[in-house]
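The data blocks that follow each hold one structure.
Shared chain: chain A. Partners: chain B in the first complex, chain C in the second.
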Partner chain A sequence: MSLSINYKAEAENILKISGVNPKKCMKCGKCSGACPAYDSMEYHPHQFVSMVQDGDLEKLMKSDAVFKCLSCFACIERCPRSVAPGKLVEAVRLAVIRKQGMNRLKPEDIPCMLEEELPQQAIVSAFRKYSK
Partner chain B sequence: MTYSYYPGCTLKTKAKDLDLYARKSAEALGVTLEEIEEWQCCGGVYPQAKDEIATKLSSVRTLNSAKEKGQDLITVCSACHHVLKRVNNDMKTDEDICLRANNYLQLDEEYKGETNVIHYLEMLRDVVGFDKIKEKVVNPLTGKKIAAYYGCLLLRPSSEMMFDNAENPTIIEEFIKAIGGTPVVYPFRNECCGGYITLEDKELASKNSNKVLASAEGKGAEMVITACPLCMYNLQNNGTEHDLPVVYFTEILAEALGVK
Partner chain C sequence: MQRIGVFVCWCGSNIAATVDVAAVAEAAKLEPAVAFATDYQYMCSESGQSMIKDAVKEHNLTGIVIASCSPRMHETTFRKTAQAAGLNPYMVEIANLREQCSWVHKNKEEATEKAIVLMRTAVAKLTLNQPLIAGESSVTKRALVIGGGIAGIQTALDIADAGYEVDIVEKKPTIGGKMAQLDKTFPTLDCAACILTPKMVDVATNDKITIYSYSEVEEVKGFVGNFTAKIRRKARYVDEELCTGCGACTEKCPSKKNPNEFNMGLDNRTAIYIPFAQAVPKVPVIDAKNCIKFKTGKCGLCATVCPSNAIKYDQEDTFVEENYGAIVVATGFNPIKLDEFGELGYGQIPDVITSLEYERLMNAAGPTKGHVLRPSDGKKPKKIVFVQCVGSRGQSCREKGYCSKICCMYTAKHAILTKDHYPEMDVDVFYIDVRTPGKNYDEFYRRAVEEYDVNYIKGQVGKIYEENGKVMVQGSDMLGNKQLTVEADLVVLATAIEPDETARSIGTMLTASMDTNDFFTEAHAKLRPVESPTAGIYLSGVCQGPKDVPETVSQAGAAASKVIGLLAKDKLVGNPCVAGSNPLLCNGCGQCANVCPYGAISYVEEEVRGPGVREVRRYAVVNEAVCQGCGACTVTCPSGAMDLKGFTNRQIMAEVDAICK
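And then the complex of A and B:
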């Protein structure tokens, strides 16, 4: 079963909760150049900016790219126009995981991931990023 | 000098050394750390969306506890420091978040970001002073080539963290000099180890961690120091192509001060 998603409304909400104004972007690509997860992302930070601006949300929301961001803030620090692409990636991810049944990480997934030295910090951080 | 102290969840479990040696070294330097009572986990990552309120409340409770005691708040873990400092900044500068958090918490007096959040390294630099630390060192790490791994969370975004120059930081190198070691500056010292991605994509964490260690090793480092338990985990457990020892900065401080 899939509910129909109003992508226009999603785009508006994503802009609102991220506080990002994609129109400030001058498409220099520095965000993607600085991104340490670049090779693992189907869509890259600079594409998030232009695709949200164009209302092209469906592809982003269906892509694993939203789960590859490391929240390292390199794109935010290094953007010469203070666009903060990382905030946009986070808002798109929230738009996905806030929907019912869309939690990426579930408590029952954890036991088989545990290793002796894995810090609690990794688990609480992953829950914040991948589940609601 | 008495401070409120927030250890955080991992310092009570997998990163006990980071906490233990922070306390022992502080005592040796004449700094009193009073642990916040009934503190709660900060959540590990700062919730960036403007409508995230519930996920910020545990941090506000911690910040308010320090305010009630009239003390500045010291943190050691990079992640806790990042979360507490940025939530505090929200309470200071974002009227909507401040209003909604206070409506929820119903504190005796509204919290508006009054607490000063200080990382342990900032305390060493700005309160004790690296010159003073130098005088108190009994076991200098003479000749030891040490690479500071800053990672992300202490430095970025610099407009909020105000910790050091985000692209060319010096605070940990100055710390290394103060305890008699030789700092090794290397390109990847402020690049990401992968963080929590180890649970989602271990290969990516491994790739990033190996890059950091290769960069440090390439510049002749014999040891890497960090303030973050997750960086420690990633460098040690996912940076499997390298054997460089990774230790908490508080541990080598305690060693140098003769309190380990």
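And then the complex of A and C:
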């Protein structure tokens, strides 16, 4: 990431667009207990909550974790306090891909990924998820 | 013309630091009805009160305004002062200069201005005050306890001990409640039945106590000291008088495959059954839905074997009506349903059970005779996982917003008992926080960890599923910063508790207020914790909020002492600030009766005489003993006929005018 980013402002923006209130979190760990992508994510759902709250965004934005999240929303569904950590993961990912040149998936990457079994819909949603 | 005295209190610096009290007193002197005004450091003190009494005599005052703290604080004090000075106690008005003025303002000039307005408002109201005399009512020396768990039992025993009659109404066939289902009690691990069943016997043998088991309160009328309750005695198809409790009927009953509620459905019972061996009364009940005689008309085996002819298939519900002075609510709790917690697999995976089910598994009188055997195959588990806070402390719609309070301790108890019986078993506990305040409570939890080697894992469980005959528990280990998947043989969910489903309807019947969780609210959270805001209604046990056995017993005793305090009185002094309707204005429309929460309003058809009026009319009449003075009728009345004594429409308008002047 070559751009200089004001991480503090970014963190505030992320809380705003996600609508997440990290103060509601009681640190029970249900989100990370439910997460099917836990082992492939460098930072886990519950860490997103406390790290965004602390403005500790640089690590999150530079991590692959935002792309490893499956967006299954189990953490949103099961969070007892309705904190919805998944919404934060989405918001951090948006903050990353909205920067210039940060698209994760480019149209020219597609052909070599194509497989007979791959549904078209998956490609469309992958574009939605990984590119602005 | 009234002669009013105004007394402005400094409340030390509470009022005087923000309000220019001397200026308020000076402004009072300019009011037409005010004959005397002064200020003083502490009006509520002995010397403050004698200052008031002297001024009443010296200036021949007809009423007094005290500009001080909230009327909730000292209205009663100053009413007594007025009475001692020879005034009617209702010729007192309080201008709240503390809570509603000095405490909420910083600017002295503005606060003083507001204080003067508040004082004028009180003077304007007092100008229209009428002396009021409180009525008296009698007290029926008998109490009703709704619910026969440990809360109801203890309350009833304590009230009976003071010599008053008590009736317990229990909807189940036996008293005993949830405590009867427990195995051991924390933190001393004494057997629940060993300490509860003697109390149940005490209740049964106490000649002051009547148990209406298998009964429900259907209707309650009246008011403090004078309630009337209608109790439905559900047909149990067994004559309580004739039955000796020999149990021959339950042995011979051929309908044997009915889920046993007492054992949480972990085994079956017959259609005619006694819930458990120490049941009180020890009289069986026929579950008509599963009884072959009721379903097909054939069978009748129980009646054949009964040596005392106690089986009565034609028994019907009967009703008892009784008068009571006080009513105690002790309706208790239930674990919540876990239907919406799909990720935890309860109901799908047989070896995922609730704590109350585990309690039955551990109990020597339970379905497994106290051996921990898992429901799926009856084998002894090697690894048990406990999950805490299931359905508690949440904000989503399937969870309860509160902490269920008892789960941390009973989970530690389960863990200790398990390891004590089976040291070779592995026990994990997933927790969010361990909350064990209380005498010897935290020590108890630490023993689970340090002496019994129970593995406490900080984190919540996200998913439970079955794989190769194992129950897989996937959860967070927050302190280890990892996700765990534990292979378990049995999983026990510490399920949240909620008020019994009958609590809401009983609350409505008694006009006793409840919170959004259906727990009964207390009259004051700290200072009146066992009384409902509705006079004559008392609260005992979990119906008021989650609590364990020792707390329930303490509260039960406290509620009993409040009941005894009420029943010991021969007369109750009522509140004279009640509603009354003016027959000349009332058109008999009926709206006031519709909004009255106490059922205090009825209608009569009588001749009405007034200037230019002489005719028979239907108009509203208020039962002053029942009216609580809430004022709902006065604001509903479309013709202005309904008025509240001490808060008449004219008085309220005079206050508004004084504010707007």
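The rule is simple: the second predicted complex is superposed on the first by the 131 of 132 C-alpha atoms of A that agree within 3 Å, B and C clash if a C-alpha of one lies under 4 Å from a C-alpha of the other, contacts with A are read in each partner's own complex, and residues count from 1 in each chain.
One rule holds for everything that comes next: a contact is a pair of C-beta atoms (placed from the backbone, for glycine too) under 8 Å apart; a residue touches a chain by one contact, two chains touch by 3 or more.
Predicted model only: the values in this text are computed from it and were never measured.
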**Study point:** Which superposed partner A:33 touches (first chain B, second chain C, both, neither)
**Key:** second
Review point. So, does A:74 touch the first partner chain B, the second partner chain C, both, or neither?
Key: both
Check your understanding: Which chain, chain B or chain C, is in touch with more residues of chain A?
Key -> B
Exercise for review: May I ask you to decide whether A:129 touches chain B, chain C, both, or neither, giving the answer as first, second, both or neither?
Suggested key: first
Check your understanding: Given the touch rule stated above, what does A:87 touch, chain B (first), chain C (second), both, or neither?
Key -> first
**Study point:** Set of chain A residues, in rising order, touched by both chain B and chain C
**Key:** 74
Point to revise | Footprint of chain A on chain C - complex, ascending | key: 343, 389, 393-396, 399, 432-433, 458-463, 474-478, 481, 483
**Study point:** Residue numbers on chain A that touch chain B, as the complex places them
**Key:** 16-19, 36-37, 40, 67-68, 70-74, 76-77, 86-87, 90-91, 94, 104-105, 113, 115, 117-126, 128-130
Check your understanding: Along chain B, where are the residues that touch chain A in the complex?
Key -> 8-10, 13-15, 41, 43-51, 55, 77, 79, 152, 155-158, 166-167, 191-192, 194-201, 204, 208, 228-230, 232-233, 236-237
**Study point:** Complex contact set, residues of chain A against chain C
**Key:** 24, 26-35, 38-39, 44, 46, 74, 78-82
